[in-house]
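Per-chain residue numbering starts at 1, and chain names A, B, C and D are given in the order in which the chains are listed.
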């Protein structure tokens, strides 16, 4: 068991490594891939970030949230509305992060201070996502607008202005630059998660996942810690929503059951309780679904469904931990 | 006056539909603490088997009341043997496994039958209530749900099998100690839950389009109804269906269908927050 | 629009169903067609795809364009708007298509129109819609409310009465069309008793039918869209309302709904489109024979104008290329702007240079045992609604959809 | 001098059943008190009222004179009370030292907390287990780790619910010695029904019977009181015999 010093250094090293790898990919990939693949890769990265947010909340906070898509959608819509109303879309970014974080804090307060057991928590988060989906779906009328931004209901907001170079509203980021921003966000959030989990706050959150009563009896306000980690997860999901708004566009489907379910499958297959697993899991499964989409006559959801059933039965702890234990066994 | 009567009928049929689609899930959840997220697809397969049976010339009523529950019940046994049996006690894993199953079933049916809206028109024509006419089939649906609920209650309450099932539900360990083959009880109750879902799917088929993805519209509502209902299987689900069903229908009357739906969901959340153990966590505690 | 699954959305790299025609030597002119072949909107998409392919085949049979064959690349967005955006980007950036024909719901049009403008790819939207798109790069060849609703409303007011109850799909098509219906009823001295909007995945219309009965209108007008909404007509008939309150629709028939419902459920509904398969003209009959000759058993039923407008849209584009003598976007737009017209099965279709919309013939018909019986014919109806809000001559780089201010 | 901990008329009802009936009890600074009584006498319910796991139906709990009735468990712990539950509740996924460090970390920096954690483990003779994952330890070792976790932050009052449950004879004796040593600088309240253990630590004793305090005195008197024997053997207690001082 190394002394804490080395543990912290190892986490710092991993965080820096992640940032370096991201920098390299952000510079090199756009030159290699053609434009269409770059845009698609940005979607994959936004989804991986959404998976990372759930990995943090579920894997480490022990909170199985069926409605992570709610904060994903809120992030996207908050960005779209703010970007349409503000001259420089750079100001829309704090709005796109703040709204989902506050929403997560509010929902967290209702659940954690209400002493709700985890099955009911799953139902409440699922229900909130459904409410948002139904509500946004019914805002097609032109009385539903916030400032200059029509909510557009089922149509979504296709005319969302993309991010522009901060301070210079004129020049809009090209898809390659959005791709670089996305990779930066993913690596940044991964590094932040690593540092959070090394901090005292992160240790208490993990301890709470291990044994909520013992943590309370040591004087830690369990509800506050869970609410905080849930809000951080909400913020990261909102960031993923903002990136999604920049490479596809914002529509009620962001709140749909499909997204909530998808992200749980990715984290589950990737490995609950790890950070890298869900990221890799998200990218692999999206590629698998895309490839399955091209097969004539084969329905992608059939393949995804089978993958999930097999994953639950065969590798309950998920891909990454199973792989690491395999590797460790083989290593001398 | 007859507007009130017609609205009442409409509210009743809203409650009946909600109860019908939730009953199968309640049996499985109530009995085995298993949350079957493929429940929506069991409804869909019930509808499809009824439609196919009718197209194959089987009488409409036989198709709905016999063929559909039989097919989906068999599927239930298969699913329980292959998947659910390995995951007892692991609630989250069962949720995820059945979610995968749901995706798989939707994919399979879409591949085989495509997306077109099959289905058959509702029998029993229309019925006149004062100045309003409503579909006779709607009334039949209300009656059918009542009969089905009474049947399940009677089986659980009066028959030997029902007693064994309730015993296993209360305390599987003790039941096993008394020589009850709990494995078989779980298999049969899962199959029974699936059969009821198949029947429900077939009964609602004439009123709504039969499409591979029809399950998703129902899974969330039945999931919320069962959980809000709380531990007691029948009493909980019926009281929750009664409350949520009427809120949804009356909301739809007063405002728009969307707000009716949102209103119902908000009521469910408030209920879950005030009664963390569901309705029967506090009221009708000792009932079935 | 059943479950709009992300599963499909993450697709994007769908292999194009390439329609190759080897007869002509030179490299083919690529035309991308984006229509839903699966999901809730496949009832509209499949016939449109068949007609686009058929049009290309006829063009190639007549020697292609500028000596080069036309190659149609079909993408299926599976009734999911995310995939529309991704396929439009793929068509513009990877396939470098000469033109894109696609989009069924107004939502999917608004998803790809900005993308195709940003990547300078010519766009044809061949479906009837709510009007008001003012974009030099986008040609709307379907009918708009000023053409179809303006003919439908007087017909049903004269036939059934002045009080209308409107049920519409809850997105911009349904919102705007219901305003037009109300406007024309008011102009005829009638009024809209009430308007109900339904999201696309609603299947339970019980309460709505009850409300309609309570309001006691003279006629119900439906602007419902998609597979799930078909159950409205089924529940309407089940409640025995067919005989009590007549119904008209601005969308029924566009997606072969008449085939999905039994005659008792569908007969008698009155619609207005710029084409019906039962239009009695020699050009139409000849076209149908050629189509059946080619597709045989799986010839789709061309109910409503969607499929036919896709066929005519391809011909208008071809005409533009021939006149411009090149497939360069700006040249073709100028050629199309100089007023091109095509005589086809639905009659004469003339491009209006002010709005990039079309003047076309409109027919009013009623559903009769799974088909249509044409009642009235209005030749040369101009797109007056869009003309009142958009003038591309004065404002060439306009790029928006103007919601026509329908003063109710 | 106000008492460290005092309960006034504390009552806890579950529906019709009165588990704790109007109990008033006082614990002084650095006092060693045992709460004993047959199973179902209300000891554990009383314990859970003290730790905030239950909110009492009536009566008050005072901590150094301040009313703390109905506080959440974490607020009670922050007053300076170390709590060991009947069923050992530990961080199974973490190592022993990580768990103990966490207990102290609320008041000290990372390095200082780790140092105090090691001291607490060594004091209980399980320094060697510092790196071991708690979930994999034997039952007796887990009890010791939990004791270390509770003692490490130097609380003013330690309350233990059946600390020797499932322990061997010499482990029980060892724990008794530990508790005596702990009570030199912390007040300790032990809920127990193991007679040998109580005799070994020999603190003040309060006997619970059917939710009420039957007897409260020093160890010697209580253990020889006939009523205590009756209560333990299930017989109704004989009327109180006044033994001249």
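As a working rule, a residue touches a chain if its C-beta (ideal position, glycine included) is under 8 Å from a C-beta of that chain, and two chains touch if they have at least 3 such contacts.
Since we're looking at a predicted model, the values are computed, not measured.
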Q: State the pair with the higher C-beta contact count; candidates are A-B and A-D.
A: A-B
**Q.** Chain ID, smallest distance between chain and overall C-alpha centroids
**A.** A
Q | Most distant chain from subunit B, judged by the mean position of its C-alpha atoms | A | D
Q: Calculate how many whole Å lie between the centre of subunit A and the centre of subunit B, each centre taken as the average of the chain's C-alpha atoms.
A: 33
Q: Using mean C-alpha positions as chain centres, tell me how far subunit C is from subunit D in Å, no decimals.
A: 78
Q.
Averaging over Cα atoms per chain, report the distance between subunit B and subunit D in Å.
A. 50
Q | subunit A and subunit D: spacing of chain centres that average the CA atoms, whole Å | A | 44
**Q.** Where subunit C touches two or more other chains, by residue
**A.** 3, 5, 7, 170, 197, 199
Q | Multi-partner residues of subunit D (each touching 2 or more other chains) | A | none
Q | Sites on subunit B at which at least two other chains make contact | A | 103, 106, 110, 216, 256, 258
Q) What chain pairs are in touch here? A) A-B, A-C, A-D, B-C
Q) subunit B touches which residues of subunit A in the complex? A) 64, 110, 114-117, 119-120, 122-124, 126-128, 130-131, 134-135, 137-138, 257, 261, 264-265, 268, 297-309, 311-313, 316
Q.
Going by the contact rule set out above, which residues of subunit A touch subunit D in the complex?
A. 1, 4, 200, 203-204, 206-207, 209-211, 213-222
Q | Contact set on subunit D toward subunit A in their complex | A | 51, 53, 72-75, 77-78, 83, 85, 89-95, 97-99, 102-103, 105-106, 110, 114, 130-131, 149, 153
Q: Note which residues of subunit B are touching subunit A in the complex, please.
A: 35, 83, 86-87, 90-93, 95-97, 99-108, 110-111, 216, 220, 223-224, 227-228, 256, 258-259, 261-262, 265-266, 268-269, 272-273, 276
Q) Of all residues in subunit C, which touch subunit B in the complex? A) 2-3, 5, 7, 38-40, 42-43, 170, 196-199, 201-204, 206-211, 213-214, 227-228, 230-231, 234-235, 237-241, 244, 260-262, 264-265
